[in-house]
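Below, each structure is written out as structure tokens.
Below, chain A partners chain B and then partners chain C, in two separate complexes.
Let's turn to the complex of A and B:
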């Protein structure tokens, strides 16, 4: 049995390629039936906010993609509560149901995954 | 120990690609096995066979050398397309491949190390 993998989303969804590639790699790895968790911390939580409209940046909204990930075998989503609250966000503002976790929860999830891919 | 490697940065701008190379060299010297090196996002630029740095280390050649030693070095096909890569540009012994290669390196590894921003 291979190590569980956590994809760690740390950055804002636009302005760099990291969130978009974190999403693509989650989808790409997920189809290989790996034990995969996606963890959103810091500005990474913005990736899940409803109603994103980056048309002015000539980009497509990233938030629409995450709710499709369960179709690709990915079902574990964690969001850091303090990262949300520091940005004035609540669970209701997000595009999908996720597990909201505190600092200790983030540590626990990352510790339980032998491999962490930081984006 | 089996170690997989992911590179998220291109050559020369930051140290990530150099660090990845030195890390792999050191790991091999200590008898560890590398499950593969996946060049992702700007990391695919490390596999540009046309890199010719006057008087400086050739980062593409380094990854070629590692691949020639039998290590699987794969540059992401989609990322390569986004960056104007053609197949004939890819450095010797490096190949283009999809995220399935990354999944294989992850699955085969006891430890997995990412070099990037």
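Let's turn to the complex of A and C:
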């Protein structure tokens, strides 16, 4: 069994390529059946907001992809509570059910993974 | 876990964000533009002083020399590339990019 991996998402979607690349990496790691946690902190939480429609940017809605990831073997999604509340968001505003965790919770998830991939 | 910061503390929130998450005693490494957080007299000085109360803070020598930083906040440990490698050998890395 390989070491557990955390994908750490800290950036907003659309403004840069990070969210899309983080999503692609997550799907790829999931396909290889590795133990994977996806952690959303800071502007990373915006990737999960409902109702994204980037048609005017000629881009695909990134939020729609995440709820499909359990089909690819990825089931551990964590969202930092303060990052949500600072942005006026609640769990209901997100595209999928996630585990909401505090500062120490984020640290524990990262600690439990040998490898942290930052996006 | 070793939390690594490579962005200027005055342009980006990376340092403060990492400090919010990093548990006490976990080491912090400043490199690339992250080393500006080590500068004495910068507006970020209070932040790094608070960090030093809870964490060992390291700064990469080549990056402070490249930027002409000579006056560092007391308590920050200057390390060279070998020291960087040692830290990475001893800890899993959380790159707070």
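Throughout what follows, the second predicted complex is superposed on the first by the 119 of 119 C-alpha atoms of A that agree within 3 Å, B and C clash if a C-alpha of one lies under 4 Å from a C-alpha of the other, contacts with A are read in each partner's own complex, and residues count from 1 in each chain.
The working rule: contacts are C-beta pairs under 8 Å (C-beta built on N, C-alpha and C of every residue); 3 or more make two chains touch, one makes a residue touch a chain.
Note that the structure is a prediction, hence the values are computed from the model and not measured.
Enquirer: Is A:82 touching anything from chain B or chain C once the two structures are fitted on A? First, second, both or neither.
Expert: Touch status of A:82: second partner only.
Enquirer: Identify the partner contact of A:59: answer first if only chain B is touched, second if only chain C is, both if each is, neither if none is.
Expert: A:59 contacts neither chain B nor chain C.
Enquirer: So in the superposed three-chain picture, is A:42 touching just chain B, just chain C, both, or none of them (first/second/both/neither)?
Expert: The second partner, chain C, only.
Enquirer: Between chain B (first) and chain C (second), which does A:68 come into contact with in this model arrangement: first, second, both, or neither?
Expert: The answer is neither, since A:68 touches no partner chain.
Enquirer: After superposition on the shared chain, which partner residues are touched by A:115: those of chain B (first), chain C (second), both, or neither?
Expert: both
Enquirer: Would you sort A:17 into first (chain B), second (chain C), both or neither based on which partner it touches?
Expert: Touch status of A:17: first partner only.
Enquirer: Could you look at A:103 and tell me whether it touches chain B, chain C, both or neither (first, second, both, neither)?
Expert: So A:103 only meets chain C here.
Enquirer: For chain A, which residues belong to both interfaces, chain B and chain C?
Expert: The answer is residues 114-116, 118 of chain A.
Enquirer: Over in the complex, which chain B residues touch chain A? Could you list them?
Expert: For chain B paired with chain A, touching residues are 4, 6, 8, 40-42, 78, 98-100, 102-103, 106-112, 114, 116-117.
Enquirer: So in the complex, the part of chain C that touches chain A is made up of which residues?
Expert: 1, 13, 17, 20-23, 26, 92-97
Enquirer: Touching residues of chain A toward chain B in the complex: what are they?
Expert: So the residues of chain A in touch with chain B come to 2-3, 5, 16-18, 21, 24-25, 28-29, 32, 34, 114-118.
Enquirer: Which residues of chain A touch chain C in the complex?
Expert: Within the complex, chain A touches chain C at residues 8, 10, 41-42, 80, 82, 103-104, 106-107, 110-111, 113-116, 118-119.
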